[in-house]
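The structures considered in this document are given below.
Two complexes follow with chain A in common, the first pairing it with chain B and the second with chain C.
Our next item is the complex of A and B:
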């Protein structure tokens, strides 16, 4: 279910911990699996559990605990808008509204063409640049409708 | 040691121990939900908050280690407020549906809400609702009631060794459940019900059957395995409604296996025999069967047996008793047979090789006390699926591996899934099992510089597979552990004991134990030790089970058993029964097979309805009690046997009470010294495999006796799959089979065949096929044979 590259990366993570602490590599392994498939399906979680040698329900506990693991399919790009206190005070409501309008979807939804998923998240520790959002791996701060448009246009 | 003060009382306690342990010992009550003595500390319910001097906030007693000079207040204003606050939070999402909850009346949440809760809820918002899923036939779920204490999760992970329940989600969205809502398949899953402090996990068969305060408790003993589990049989208006554990740290701790908990369903089932029956009528009508009163039935039985004895001799009568009979039943049974002039007496229906009956006193008593299973340093299991054979001993082995890093090894014929880690796992096959053990003996002798007996050395003579250095290394590693570790054992499981060369295996295992000082452990089925104590074994020149069946005797007396299912060679058992002139069966359950061959069927009381003595594998003598009266016309088997003795006009059958019977039994052999290796044992190999596939067979745990076979919920579990021919993936490919194809299984001696579906089973080694016993469908194959598979 995972490519050789992913499996090698997981082995690398495992090598960081003592042999009887394989579970420590579980979070990293789930991240690697998600990077390859975009989201964590139940069979994929079970597969990763097998690689780490933990019971499937243990892996599922971890996957369902953290909000950055996706348990449902997501678009090719993931936009996470912070609506926590600093960003809210600095206008995250307008950011969300603008994104809704531009993408035609609400929070937690994916565009029909599968290009973008929009998520609402808590503080991403970039309050100094509020309002902010994370697009895939990158942070974008001090957002304005214009800068949001530019960012959206640059997405493939 | 440390000195602390709790509520003004000075206590001398273990430093570093958790506070709640010390207060429990001192009898000071602290409320709790998530803490449990046998589980790790999670400290997630916060109900046990107490005030500790100098601590700024209340601390959880279950996770606060004791320090010298600590001053604790469990009932101060601060403590009380914290406890009440916790209670209020625990209840905001709880449905408060006690009137329709099975836990009501015995619910820690209900009790503690009474003590710490408010009489009115301040929470007016919407409560959280959680969907429940079907997690199998034994445990009912009502997950909205769950308070997330995670006891069930920790139990699975820590005690049972199979983590089936988990706590996915976070915070408000946490939902306890299984992965993908799969069923909970552990053989000790019912203990979760006892652990769950609310009504989230309850017993499915017991659902809505009774209220706890209406039930009467009866301390008793479970008859299903050699542990002698202490159980509380609870009844409502003379009907058994459920079975709970009774804590006994030396035997079952606070756990019981699912079969101990749910077998009572058979007792209440409509499969019970309730009226004596004889077959003397027109075969056209119900096969000639009719119901009669006790007197006629006993007269008919006595006359039938006496006719055989008079026309031939007592030697033409054979007696087979179920291994789950009580000591008193075993005793009167063999006494009756002896009085008839027969020494053909046995209760070992799961054994094929009796060669050592005369040479050694192979009293199947464990040299290792049950409690010491938890303290082992190393051990070897030979031919044992211990998890399913003796679930509670398996939990103890798990404890030993966790606590002592015990090295437990397996030499067996199937790659059974254990609930503890194995040091070495040698999956051999029936034909090579003896050689493997002989090889181990040779390795042991090298380490101990002790000559291995010639006979054993010959059996170890290397064949191909021993050129495999990895394999040899594993064997010598086991030898090393047995020689160097302190507390060790060698255990013979069911597969080893039903092997055609079981006596050879016992001989070699005993030799290994003698040399290494490992404890020899033979785990017999059910109450078999009592069978030995009561001499329910072949007498002087008497026939054992196999000979009795092979000899096709004129008459058989069956106590609590259905030989066509209970004996590993179901076919020869059935043939012998059909050929007999007269068969008397004393049983608690109806069976259409038995009606084909029996002449008289007498209804006996079930295990909850008759008192008796049980002797477990360590020789512990325990008494069970009567929980409910025998159903309808059925009677305790010991009374039936006694009165039958009277009807046959034998002397020695005038016991009045059960104690009169018990006192006739000598417990002398229980204190018999450790068995020593017998010189010149017969070590000829009887298992020969020449062509085809080796058949591996065991009796699935819920097929082992009539009571279990009639327990509805247990029959629906994953441990009771329909009969099939199990092949590993490689063999399936080799023979071109795919899952659930039908196959014609033919024994290579041409004597038997049957059609079974193929099942993928990767526990099965190459060139072997797994076909379980205990099913009519597989009985035609006999026992321990080689078979070939053809496309059907």
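Our next item is the complex of A and C:
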């Protein structure tokens, strides 16, 4: 279920921890699996558990506890908008509103063409650049309607 | 695509944050040109007694930068250095307290200071392995850290037999996956072990039973990154007095304060401990749009809110902020202007704690949900007059009854917002008769008269 590249990356993560502490690499392994498949299906979680050699329930527990793991299919791009206090004080309501309008979806939804999933997230620790959002791996700070439009136009 | 400029680093004192004029400050070359790795080299070549380093840190009055303010010098002395077997140093880069954005800039702009600080910590505490736990969303900081570690290994600053001292130190990164609670040190250890991030009972403390049950010391990113400069002491090697003298009696040195919210120039300001709040506000360009200051949360969402007149009298240090009714926390200064709706702010903070409660302790798991639901109904005009008493009752029943401090952190804002801004909450409450509780109170007073 995973490419050789992903399996090599998981081996690298395993090498960071003592040989009898393979479970420490579980979080990274789930991330690597999600990067390859977009989301974590039950069979994929079980497969990862097998690679790490832990019972599947350990992998389910971790996959369902942390907010960055997707247990349902998501769009090709993930936009995570911070609405916590520092961003709220500097206009995250307007950011969300603008994104809703431009994308035609609400928070927690995915566009019909599968291009974008929009998520509300808690503080991403870029408070001095508020309002901000994360698009896939990148942070974008000091957002304005114009900069949001440019970011959306650049997505494939 | 990501913004790599220094736009968030303002007037710095250059202990943890590099001078903005240094190009590519995150590279080994830039770090070494500015004194980097001198402390590690000297300590290892001279085999400086570990107690001397601990004493320097104690003298320096460095307080832990993660929020609790516990001195790293004392924490390091708790480690059973001579104990057999593996020991660990762990860095907490799981920055996520609303309002806090300093560790991200340390990782992005000065990762070698953190590496050097952790290696010195490993030497002092007899730990040959270190982990840096970085929150999962921090991809750019993670890549910076990884690149810096690669440079350090290639230059013989990490790895085996450093400077022919016989001391080995290996460092690894561990990415989180989205959970505020993992900033709590024992939850972080659980997460490092590949489990749900649920805090452990203390005692035993990590120095006795930490990662994989081995002796472990966990410090915040800024704490570790402060160590090399403290030892260099601006040319007075190992003189803790240098750092101490920069600050005030009970808090040595300089610290990074993240200023966010309604100011003209938000940013990370590395300033002397004890700097008056009013000066920090001025550095940040003052309240934006020429408006008046209403309130400040001086240390991140978990510390009590301060009304303008209280915070304008306070200095940015542990004792002064405590005396004026709040705390330094992680140094996360959230500025609110006169237009701020305090009910909405507290509703949002309560949602945060509800969302991030790990679910282990009933008072926090259930109580944070109640706090949010009641605040939501007040903010949406559906509150009833007894809600404010219920809020305080719930907050008081969470406080002190949970394994970790997240429960307290959820309760304290409720208590402080109601203490200072109760009238704003009352004004939003319309009871069944269609009166705000303010009006009903007036009516009752009139009836009584």
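Operating definition for what follows: the second predicted complex is superposed on the first by the 156 of 156 C-alpha atoms of A that agree within 3 Å, B and C clash if a C-alpha of one lies under 4 Å from a C-alpha of the other, contacts with A are read in each partner's own complex, and residues count from 1 in each chain.
Note that in this section contacts are C-beta pairs under 8 Å (C-beta built on N, C-alpha and C of every residue); 3 or more make two chains touch, one makes a residue touch a chain.
Quantities reported herein were computed from a predicted structural model and do not represent experimental measurements.
More residues of chain A are in touch with C than with the other of chain B and chain C. In the overlay built on the shared chain, the residue A:6 is in contact with neither chain B nor chain C.
By the document's definition of touching, both partners, chain B and chain C, reach A:65. Residue contacts after overlaying the shared chain place A:122 against chain C, while chain B stays out of touching range.
Of the two partner chains placed by superposition, only chain C is touched by A:21; chain B is not. For the contact definition in use here, the residues of chain A common to its chain B contact set and its chain C contact set are 58, 61, 65-66. Per the touch definition, chain A reaches chain B in the complex via residues 42, 46, 55-58, 60-61, 63-66.
Only residues 1-3, 7-8, 86, 95-101, 103-104, 131, 135-140, 172-180, 191-197, 212, 258-262, 266-268, 297, 301, 332, 334-336, 340, 344-345, 348-349, 352, 355-356, 358 of chain C touch chain A when the two sit together in their complex. Those residues of chain A that touch chain C in the complex are listed here as 16-18, 21-28, 30-31, 52, 54, 58, 61-62, 65-69, 80, 83-86, 88-90, 121-130, 134, 137-141, 154.
Within the complex formed with chain A, the chain B residues making contact are 157, 162-170, 178-180.
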